[in-house]
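Chains: A, B, C, D and E, in written order; residue numbering restarts at 1 for each.
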């Protein structure tokens, strides 16, 4: 039998490259979640007698370093899990098909894969919402359910924010005449003095403010807006579904509508999510307080484990792909929208649901809305 | 040391300037926020002449040098050099016209070797072809190298050739600076206290160099010096300043005896 | 008005930078990180239930000690081996990295809100101008501190010795100035100012390991704008930068706010290369 | 009484280049000592070594000041013992004003004679008084030299180390400076100076050393050196007076030492 | 000691026969490396080669001419995006690379103007402003930055049947070598001497006839040409560009590399580039402590070797020169 990199009788090695240091280090918690779940599985006896060994490397959110990390993992890992950052995903596009290493879930702009020829996508399995679809969904919810007439957007000045802008524009164009986009105010990731931005937003007179920004910036803008006496309905992207927001923004957060991700759950509001979060915390105490992100990361590992199980004892990249493709309408640990992979379908789940901040928790308001899967 | 000066034939001699003085300064004044450093200075320097410049401390000698070499722009007055007014030129253009100088508080490139310092003196004479730089074509370099080696020989700098300038003793640094100025093949050389800080023996050596420079390289020299014994010997003519204005000019002997000079500068012996 | 309160923060950061530059000619790249470390220290103490005032004082001291320790343990040995000025700047950068890592490790990378007795959301209105309690406090503290510092540095011989030490260390040593003590004190004072800025910024900007990055860069720019060797310049520069930013943000373009601010700085510098209030040093020969 | 005793010190640059080879000398209290020597003899190195500016030097040998070993001490410590060094480049603070430089010269002094000292130096160098608010960088070379000397005098040192004090001074001022030096020496300051203007130096020095390539080659009272033939030739330039007028001779006569 | 017989001999790049042998060995090792070493090392070295070009450029500016620039990220971005856009027009890579360099160089020439009046930290801030402006322009202009998806750049197709990684390795190796030789040539020519003169003493430089305006601008232009090429090569290797890749941190990285490697030294630049790429990489499994380890190595290197890594190398060489007779 041919030797498969990263696989032995007793072990299967999974690589994770993620920002553990630098300004994006917060997102590195996703990797901690994934690792904790792997440890939990190992304590359960592993998968087909194999323990999951995780190699975790820091890339500081830098594409070149991430590429080197991946190169270094080549020959040592069986699969890569939870890569983070659009630039990194883009730079490593060819790595996975070229080296026959499956990539199980990545966080970034998923549309970079839509342009790839399908045979090159063979090794890629993504369960991450599309920003544009989500923004379109938020705007639609605002117009249809909250009777919004004037929308303003506060967004991070990069691809992430810009996708939101185009999503909102799409909805407004689709629902002609129902509402208008009265302003869109970008901000730099580094700047935190947002007083000016708040004033500008107030000037637009929008009744609904959609926010595509980091937790810090979202809280800051809401606070600043409150200071100048501007209290629109706030609606935010799923990255802000974290209960930490209450700690940061305080009272102004109450009542904010926040979209929740289709591929993960909300610890604190859903028992299934709480169950997994408790396991994660047990295996990595540092997750305490960051359950939302950790769970988000762990979901990738749960899928990966499912793939390994399905692949059977004779583990090869091919069998892993088969195993992943066997996932159909499956809710990992009962969390999130159902995931489906297939030979023609690599974007396993693309769903959102609206939630609202109430009494220190983010409560889902409606069932998942499933968007079209992109590839 | 080769007997003929290697670069004499290169010299461009302007027929008009032959009758004119090499340097003709007139009405030169400069003021620094209330301090009148120079007032209405006028003098000429002929070709191959050594003009001594004396005066008590702070009388404006260095300032005069700075005006001529373009480091300061004078408030008033003209500096005619070989038929051109240097007043508004930048220091590097003035250097290209043929004025070289040394500094009272040495201004050498301390982290370079002696050789490189002298080669930098040749900078204005380089045919500056960037492709030579990029492709390492070194014919030009070698040509100048030869001239520089001659200067090194002339000034007895061989033992320090490849030393970092900062590591050379003060007296040697003075000589290096003179060599660097000499490498520019100047028509006019401004020397600011070239023999300060040397022993008597070395002073005489330097004095010898100075006369030799004039003799061999046909350079006119403007010389600032506080050691009067040497200065009076070297200079053909002399000019004395006090508080930025001229107090005497003419034959060294006469200047030495002018009461104003004795009062302001020499003191009663 | 928003401009003045951010400006006063920039000024506070700039003061620290100017203080170090004046006494050592080092641009302290760790300034922001020292401030962050101090703020996190205060936060940790508060979590332990320490009284706020006490925690604040402890944090200020902590920052100062950190900087002094850096000076004694890193800069002095490096100087003994004839480190260049640029090398020392990189040393501060190294310290910054280390602090950054340690803060992320011990303090966590997620943003946190910093409890502060002055409220950021409670606002006062003066003729249509809105200012929060916190900003008001910030402006007040900023002014008092800058005044004290100004008196200390400009009106005592300490300031003179500081400038002398920075300009010509061997000469200062041969004159018998206590150079080590002067430098250590300047590092301590500068860190003190930095932490103070951090403590006031944390409640309004949230606290994470990088929250001082932007104020640091802007403070740096403000210090240059005002003239690196002038304390009043730092204050003027800071306020001016804050106001410029809020004006360009308000009337020209939010997206190019930073670019415009820097454009203003460059134009000012081209007209006055030594900064607004800096003294020019022109070498003569 | 000897104040400074240097015994066989060796100073090296870059751990390889010897600048001082086992040099020894003594300086007696309240006297003026002159060190003469050609370029590169190591005179500057000697003074720097004493004042502690050369790190980890001297490599060998001892320096004793008033019975206390001071070799390899930090320059601040040495300075606080009362040794003041005026270096070749004058060691001024170029970005400060004349007044500020002088004030720094009084660092650590609290006695009431500061005022009289100021008067003394202003009388010696009247031009400094005119220039109190001027930035040092813009002073002329000679004025800077005066300032350096003035600042050193303000410190009221026990031992004054001067590197070429007459460098760049006009003859009249140089003589005045030397008179002032004798004066402060009588008032209780020991002076060790390196000087090229041998005639002036020997005129006020009590004792003097001649140094070449890192060693003392000749020593004696000022009078003795003054009468020495080689000293006359190489340092006092006596022969030059009688040299033939037609030109300069580049001579390299062998020294007898 | 070997005798030098003519000036020509003295001007040679490598004078001592033994040095030649060493260097030959070193190069042979580098050439053979991809066949022996694991692929990630080859890849890391490729990135180091690319960075060494930028660091060399930065060193010409900081180390040789003494002008500080914090705007290097701006030149990088300009180079990279020029490369990207030109290569999307379908032009071959040499043209694109030259375009990237020239665009960077032009920008450098313009940015050089403030340097005629500003010094030290003042210049640093002015150039920092340039870097930030370039970033904001790219972020806010979709035509320049290639839209919100970023700019996809066609990658190199490997020739001679080599694998992509190995081909990239040789490709960038040759380019880095080329730039290294060019740098040697520049700094040992009248140009380099003029740069050093400006750094050491600008007044004296002017008085001996060095035109400050011309040479400062030239130095900026040359340095940013290098940086532009660095950007272009980076684009070619990554195959993807977005403005976020060229932030202030990138400028700082180059700056650190110059100083850790050794100011004003070509070998030092290469070592510096290797340092900033390799150190965080080697410690990448230390997770959130990576900056701590990285910072500590920086401190250690600079405390014990203030002249940079090259200083250490220099000393080792001096040591072996008269080894074993010490």
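Assume a contact is a pair of C-beta atoms (placed from the backbone, for glycine too) under 8 Å apart; a residue touches a chain by one contact, two chains touch by 3 or more.
Keep in mind that what you see is a predicted model, and the values were worked out from it rather than measured.
S.K.: Tell me, which chains sit next to both subunit B and subunit D?
M.R.: Both subunit B and subunit D are touched by C, going by the contact rule given at the top.
S.K.: Go through A-E and C-E and name the pair with more C-beta contacts between its chains.
M.R.: Contact tally favours C-E.
S.K.: How many Å are there between the centre of subunit C and the centre of subunit E, using C-alpha atoms for each centre?
M.R.: Chain centres of subunit C and subunit E, defined by C-alpha means, are spaced 31 Å apart.
S.K.: So what's the Cα centroid distance for subunit C and subunit D, whole Å?
M.R.: 44
S.K.: Between subunit B and subunit C, tell me the centre distance in angstrom, where each centre is the average of that chain's C-alpha atoms.
M.R.: Averaging C-alpha atoms per chain gives centres 48 Å apart.
S.K.: How many angstrom lie between the centres of subunit A and subunit C, each centre taken as the mean Cα position?
M.R.: Each chain reduced to its C-alpha mean, subunit A and subunit C end up 37 Å apart.
S.K.: Can you pull out the residues of subunit E that are in contact with at least two other chains?
M.R.: As it turns out, subunit E has residues touching two or more other chains at 136, 139-140, 203-204, 207, 288-291.
S.K.: Residues of subunit C that contact two or more other chains, please.
M.R.: As it turns out, subunit C has residues touching two or more other chains at 100-101, 104, 109, 217, 255, 258, 283-285.
S.K.: By the touch rule stated above, which residues of subunit B touch at least two different other chains?
M.R.: 62, 71, 103-105, 107
S.K.: Could you list each pair of chains that touch one another?
M.R.: Those chain pairs which touch are A-C, A-E, B-C, B-D, B-E, C-D, C-E.
S.K.: Using the touch definition from the top, list the residues of subunit D that touch subunit B in their complex.
M.R.: Touching subunit B from subunit D are residues 13, 17, 36-41, 44, 88-89, 127, 134, 138-143, 145-146, 164, 167-175, 196, 198, 233-237, 240, 247-250.
S.K.: Which residues of subunit B touch subunit D once you look at their complex with the stated criterion?
M.R.: 32, 35, 55-59, 61-63, 104-105, 167-172, 193, 196-205, 207-208, 211, 226, 228-229, 264-267
S.K.: Over in the complex, which subunit B residues touch subunit C? Could you list them?
M.R.: Against subunit C, subunit B makes touches at 62, 66, 71, 103-105, 107.
S.K.: Can you name the residues of subunit A that touch subunit E in the complex?
M.R.: It comes out as residues 20-22, 25, 28, 55-60, 63-65, 67-69, 71-75, 86-87, 90-91, 93-94, 98, 109, 111-112, 157-159, 162-163, 166, 186, 188.
S.K.: Which positions of subunit C touch subunit B when the two form their complex?
M.R.: The contact residues of subunit C facing subunit B are 284-285.
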